[in-house]
Structure formats: structure tokens, C-alpha cells
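The following pair of complexes shares a single chain, chain A, combined with chain B in the former and chain C in the latter.
Presenting the complex of A and B:
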């Protein structure tokens, strides 16, 4: 079996006057759905843009399906589909013309699958792009990225503005895409409950760095919410403990059970320790505070 | 024969239900195997197929299958697929029983913490049964 990752990013760095992305190492396993999450301005879009050759990194390499993003740029773009919220197709007039235009560039375009996507997403070739709703344009963008069946799909905020039905339809399609174990999806999104449900792996990007990464369920289950009473100063530097809120001597925090345990917490002087599981969203809120 | 769809045979996997998504899937499969809706030798969908049917990540289904495999309720044959094990129904029922015992223990502890005496707890259990 070919175990080469679908996307492999190593030592990537891009510096701007006010923001630095990286150094970043990230690996997306083939056949998986990988969720890239991070607060606004964390560097998600910068990273995705770099993959597609928009801007040159200062250091590091990016490979998609084994193709280097600078030396094999054409091959990479023949294997990787892109969707971003800023894509505009208005100049093509109607949905059908946009489809015919993009199809011309993509020898692997699948007409039957395109028809299926038109139906499940609920758009028609006769519709005027200018009068499509925001969600409608998102659907068109997704259709154009999906219908040529690229090996790797990189989707930047693909469900913003979609209603619950359409969102479910999109995730259902993404699960169908990874079904053959050959194709891979990288998705950046703020819809954390969706990502918790549908992704196999997540990476949390914060201020240009990858804060935490792993199999989604493992990452979530590895952490728990803890509450206790303690002097704050005592616990500030306990590895694996991230303090969320502190009021007098009451403390609410998140515990990484790979690095710390309730026993260790008590040894540090925490009293009345209570713990409970958390969601990806709750983990995200504390880690990226 | 290709495996039948489990979409409507299993309870929906929902964040509003108790337990993690994969635990819900394990419980649903045990229920279906325990009450004979899935029979020994019957093929189960691949985990990628079930992920698509239940709208959960592939890894969630993989974990559920691995747990059921460990408990010998289902088994995997390389290249052929995953099947309900001979005796899987019994083991599913045992697992259910084990869980029921745990929940009853927990209920007894809650009742004791509420100040009920053993005799009162016993009648509480009987009352619950008669409802």
C-alpha cells in the first residue's frame, strides 16, 4: 500500500511584517478528511494560498500527492482541487457556462457526477450566477472543485452560508469522496461541531503555528475540562494544564491527559477537583485564547 | 451479496444522545446483533460505507468496529470484509447486561447518596420495573 501522505508540509515559513506563518510541519494522510481550524487570522488561508503557489514561502517545502508546489506546480494543480470563499464566477453569466468553462481545463471531468452534484446541492445550469444567493455561489464553487474528481480537495470555508440541508449534503459528498481510500480532503472551517463529527484528523492553527494535531476523537478525548480550587501561581507552569478562567482561588482549566493527570494536579495542591469531557469547540476556545 | 444498508437499522448517531459518537455506534450495533436483526455470518458494510450512511467520520466507524472485534462480536476477514460472529448475539447481550449492571450500581449509589436505605432502594427498583 502506498502510505505517502496526500499533503506533506515541512519546515514551512512565510513572514509578513505583522504576521509569521510557521515554521510549520503538517501531514495529511491519504484517504482521510483533515480539518484545519484556527481563529481568524491564524494563517489558514495563507497556508492554503501557499499550497497553490500564491506567494512564495521563505523556507520549507509543500508536497501534494508527492508533487512539489514550486517545481511540479502544474502536476500539483492537476491533482488538487481548490475551493475558496472569494471565488467569483459572475463573468460566466449562468451556471451552465461556468461548468462548460471549467470542464474544458479538466480532462477528468465527470458529467454524470456533475449532474448528481447539481441535484444534491440543488442548483440548476440555467440559473444566473449574479442572482444566486451567497450559499448558491458557494455550492457552484464546490461543484466546480468536486466534479473533476481531483485526488486531493482543498476547501477553504466550504460551508459558510450554507443551510443545514446543504451542509449535510456537502459532508455526505466528502465522505463519499474518501470512500475509495485514494482521495483526500483538507477542509478549513469554523463549524467545529461539523468538523468534530466528520473529520478523521484535525490541526489547530494559532498565530501561524500548529498548536495541536491528531486524530479528531483522540485529541478531544485526550483532554478534559477540570475545575478546582488552588492558588493560581502554583499551577501556572504545570505541563499539560491550560488555565481558562480564574477567580480568587477557583480555577477552570483544560487538562491534557497525555501530559498531566488529576493525581498530578492534586499533588500540586489542587483541591475539590472535578472533571468532565469536552467538545472540540470547547477545547479550541481555551487553547486559542 | 453486498452488505445491506444499516442506515435505518441503527439508531441515528447524534450529539444530542448520550455517549460519544463511536460509543453510540457500538451500542447500536450491539443492539441490532443482540436482538437478531443482524445475524451470524452476515456481512457488515465497510467502515467507509457505514461512515457515509451514518454521516460520521471514517475513524469513528473504524473505532467502533475495532471494539466490537475485540469483544468478538464481529470479525474481519482480510479482503472479504467484516461479518457478524457466531455467538455475537450472546456476547452482545452479555455486554448489554454488563452495562445494565453498571447503571444499576450507579443508580443505587445515587439513591444512597440521596439518603435512601437499602430496603427503600430495593422498592424503588421494583417500582421502576412495574412502571
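Presenting the complex of A and C:
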């Protein structure tokens, strides 16, 4: 079996006057659903845009299915599907015409699967795109990204504006896609509860830097929330400890157990230590504070 | 109500300044003009941005809102436009650049009166303009009709004909002038009575009645026919030609009516070279807003091929303008060398403007549009030789082509949402 990652990003850097993405190293394993999470302005969309050649990085390389994003741009796009909230097909008039437009560029387009998606997502081909709700447009964009069964699917905020039923339907389709272990999904989203349920890998991006990355369950298990009494200054530089709140001498922090243990914490003078497990959302909130 | 009026003026202050400048300038140079309908354009932009919906929860009655809108658009605008006009006219009298008979009080009164009627007519048309893309056949017809009238009220050769035939002094008043003056109170009264409906119409949602997709699924398949690149080309070329032809037909109809058969050739209006070139330039620029570059960029097309696809826009603009400027009486005869030169200028300069508009953002995009609108009149009025213009346009076209390639490859700005005055032409939801 080919163990090459589906998406491999190394040393990626993109500089803007007020924001810098990277240097970023990221690897998305083949056959996984990878969740890229981060607050607004973290650089998620910039990263995805760079993969598809919407802007050029100042340094680094991006490879999707082994294809370089600059030298093999057509081959890359023949293997990777994209959905993003800024995609618009209004100019095509109705849903059917938008489907026909995209279909012409995709030799692997599956008409039967497209019909299935139309029915599952509840879109009619005769509907005018201009009259679709925001959710309706999202569904159309997802359909156009899914129906040609790309090897890698890159979705930027795919669940924004979707109702609970549609969200469930979309995630069911994504799970079905990765079932064959050859196809991969990268999702960037703010909906952390969804990502925690559906992704098997996650990366937390903040201010252009990847703060944490790994298998979702491992990442959540690896971190724990601790509360203790100690002088803040003593613990400020302890590796693996991120202080979330400090009230007089009482601290609330996140502990990365790979880098720091409760014993080490106590050796630094922490007492009355209490620990409890974390959710992905809690971890995200503390790391990106 | 007072707050609403002041808020409008505060937000659009720069537009008032611009109009004051042009109003005073035209009076000083004694160029006949009718300025003042700008408030309606601002109001339409407000409507598209959903501003009226945001106002609705405020503790203001429908009557107060409609009265405020009517005051801004109809009586207030001519009043504010006539002040700089009078200043310009006084300056012209004190230090004249052009000498001809000019009855100052009469001109100011005429300007105020006709602008009042003009604004009132525009206000009524404003009611029929949709805040979003038309969907049903009835809406398409309504938008086409109201849009064409709206466009001809604000611009076009008929406006030029009208203002240049206005009397310079009371002694020059002709019977048709009296008819024109007498319809003004009718328009003003009509606009006042229509005002409450305008508020109601403009409060409609920016998306036309969202369909319940969960329930409605059709099995009628319209997935057959052209796909991919051929569909793209047919749609793009069809839309550009459609717009150019619509403008031609409307302008021709109005030209024929206003000149009352003095100019008999069927393509007389579009032979106005400046207008044709300007329309094509604006079209090239505006197309950049309508195309969603992201949806094209994610397709498996080489950057070079995508640039060639985009360059089709100015090429169609140039070729169609060369044919429509044709001196013969049919669309089908071949254009002359001069008309082909004009076509070439449109292609070159249009490509440059297209690249510029993709790269520009915010206020710069307005500057690009202004450039597109003024480049043709300015260069042609300067009397520069066509050969030189063509050479310049070729260089700019080449630069534009390279700019498109470079931008598609490297510029993030090319893929940003193309909002203007807060309105994304591709995504009315954002309004």
C-alpha cells in the first residue's frame, strides 16, 4: 500500500503586510478526514487557496497526491476537489447549467452519484441559483465538489449555513468517501463539535502557525485541564503547560502530557492539583486564546 | 425623519461634493447638463446592500421613511445641486471663458425645475428596479424595461440632445419646452404618491423567495446539452453580445425618437464612436466582477489557458464594437479599417482594464471604472491620431495580458470577493 500522504506541505510561508502564514509543515494521511481548525483570520482559507494556486507562497512546497501545486497544477486539480464559501455559480443561472459546466471539466464525473446527491441534499436542477438560500448554495458547491469523486477533497467551511439534516447528510457522504481508504478529506471549519465527531486527524492553526496536530482522539487524550495553586511566574516557561486563567495564586491551565506530567508540575511547586479531561473545543479555546 | 436625511447625506457626502464640483464646473464652462439624479443612484446602492431592511426595526413609521426618502431624492437634490450651479454661473459671468448670451436667473431656475422633474421621474423608476438578479420571466422583463429606462434617464445621447436643445433665455422657449416644463409637477406629485410603495418594494429580501430545497426536488433533468468549456464560451460570448445589442437597440430607438428621423441610418446611435468605445471598455471592466475567478481557478485548466479564456472578453468587446460602429446600414457588412482600429483599441485597452480591475480593490475599483468611462472621451477629444492610440493600446493590451497571467499565478487579490459599494455582484446574500 502506498503510504505517501495525500497532502504534504513543507516550509510553507506566505507573507502579507499584517499577517504571515507559516512556516508551516503539515501532512494529511491518505484515507483520513483531517480537520483544520482555527479562529477567524488564522490562515485556514489562505492555506487552502495556496493549494489551489490562488496566490503564490513566498517559500515552501505543497504536494497533493504527489503532484506539486506549481509544476503539476492541472494534474493536482484533476485529483483534488474544492469547496469554499466564496465560490459562486450565479452566473450560470440554474443548478443544471452549473452542473453541466463543471461536469465538462471532470472526466470522472458520476451522473448516478450526482443524481443521488441532488436527492440527498434536496436540490432541483431547475432551481435558479440566484434564489437559493445561503445553505442551498453551499449544497450546490458541495455537490459540484463531490460528484466527480476526487481523490482528495478540500472543503473550506462546508457546514456553514446548513441545517442539521443537511449537515448529517454531508458528513455521511464524507464518511462514505473515506471508507475506501484511498480518498482523503481536508475540512476547515469553525464547527468544532462536528469536527470532533467526524474527523480522525486535526490541526489547530492560530495566527498562521500550526499549534497542535495529530489524530483527534490522541490529541484530546494527550491534553488535560489542570487547576492548581502556584505563583504564575514560576510556571510561565514550563514546556507543555499553557496557562488559561490565573486568579491570585490559583491557575487553570492545559497540560500537554507528552511534554509535561503532573509530577513535573508538582516539582515546580504546584499544589492542590486537580485534573480533568478536555474536549477538542476546550483545547482549541485555550490554545488559541 | 431628520436623522434619516442627515444620515444619508453624511454617508454619501463625497458624492455631494463631486456633484457640486461638476455642477459648478459645467455652469462655469457653460456646458449644458442636468446633474442631480445621483442621490437615486446612491439610494439604489443602499437598497442592494439591504440598508432599508436594516432601517425597518427602527422606531420610524412607513410614512416617515417614505417621506424622508422622497425628500432626499426629489426636492433636496436639485436644491443642493442648483447652489453650486449658481456659483459657477456667477463666476462665469465675472470671468467668462466662453462668451454667449446667458440669462443667469433663467438658467438657474431652469436647472432647478428640470432637475426636480428628472429626479421625480427617476424616483418612480427606482420603485421598479429589483434589488437582486431577476429570476422569473416577468422579473426579467420588468428589470430590462426599468433598467433600460433608468439608464437612459441618467445617461446616453438622448440626455445630451435634450440638454443641448434647452432654451438659453426666456425668448428661446419653444412649445415643446412648455410641454416639458408642465410635466414636472405631474412627475413630482406622482413620485410623492408612489413614495410609500417604494419603501415597501425596497424592503423585499435580496434573495427572491428562498425555495424550500428539502421538500422540493424535481426529477426533470436539464443536465443534457453543452458542458464545460463550450458551455462557458457560449454563455460568456452570448451574454456580452446580448448586453451590447440591448444597449444598441435601446439607444437606437431613443435616438430615432429624439432626432425625429433627422438621422435616418439604423445604427446611428451606436455610430457615436465615443459611446461605443466607452460601453465596450466598461463592459470589459465590469465582466471581471461578474466572473467568479475562484470557480474557474479550481478547474483543471492551465494558467495560460485561463488567461486566454479571460482575454476573450475584451476581444468580443472589440470585435462587436467594430461591427456596430460600421458605417454601412447592416450589421453583417465588414467594418472599415478605421472601425477595426477602434476595435483594436478596445481589445488592447480592455485587456489592460480587465487585469487592473481584477487586481484593484476597494476605492481603487471605482477609480478603474472611472478610467474605463473617461478614457475614450478624453483621448478621442484630445485629437490623438488613431494609429498612435492603437499602438498605445497594443502595448497596454500586452501589459494587461501579462498582468492577467501574473495575477492569476501570484496575486491573492484576484480571488477576493468583488464588492463595490458593499455589494457583491455574485453573492447578493452578502448585501
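Here, the second predicted complex is superposed on the first by the 289 of 289 C-alpha atoms of A that agree within 3 Å, B and C clash if a C-alpha of one lies under 4 Å from a C-alpha of the other, contacts with A are read in each partner's own complex, and residues count from 1 in each chain.
Criterion: a residue touches a chain if its C-beta (ideal position, glycine included) is under 8 Å from a C-beta of that chain, and two chains touch if they have at least 3 such contacts.
Because the structure is predicted, anything quoted here is derived from the model rather than measured.
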Q: With the two complexes overlaid on their shared chain, look at chain A and say whether chain B and chain C clash or fit.
A: fit
Q: Go through the superposed model and pick first if A:73 touches only chain B, second if only chain C, both, or neither.
A: second
Q.
Quick one: is A:33 in contact with chain B, with chain C, with both, or with neither? Answer first, second, both or neither.
A. first
Q: May I ask you to decide whether A:164 touches chain B, chain C, both, or neither, giving the answer as first, second, both or neither?
A: neither
**Q.** When both partners are placed on the shared chain, which of chain B and chain C touches more of chain A
**A.** C
Q: Report for A:122: first if it touches chain B alone, second if chain C alone, otherwise both or neither.
A: second
(Q) On the A-aligned overlay, A:94 touches which partner chain: chain B = first, chain C = second, or both, or neither? (A) second
Q) In the superposed arrangement, does A:193 touch chain B (first), chain C (second), both or neither? A) first
(Q) Once both structures sit on chain A, report the angle chain B, chain A, chain C from C-alpha centres, rounded to the nearest 10 degrees. (A) 140
Q. When the two complexes are placed on top of each other via chain A, what is the minimal CA separation of chain B and chain C in Å?
A. 21
Q.
If we count contacts the way the header does, which residues on chain A are in touch with chain C in the complex?
A. 16, 46, 49, 52-56, 73-75, 77-78, 81-82, 84, 86-92, 94, 96-97, 99-106, 111, 114, 118-119, 121-128, 130-137, 139, 163, 165-166
Q.
Per the contact definition, I'd like the list of chain C residues that touch chain A in the complex.
A. 132-133, 135, 207-211, 213-218, 220-232, 235, 290-292, 294-295, 297-303, 408-412, 414-415, 417, 426-429
Q) Which bits of chain B are touching chain A when the two form their complex? A) 15, 20-22, 48-49, 51-52, 55-60, 63
Q | Touching residues (chain side chain A, partner chain B) in the complex | A | 31-33, 168, 171-172, 175-176, 178-181, 193, 197-201, 215-217, 221, 277
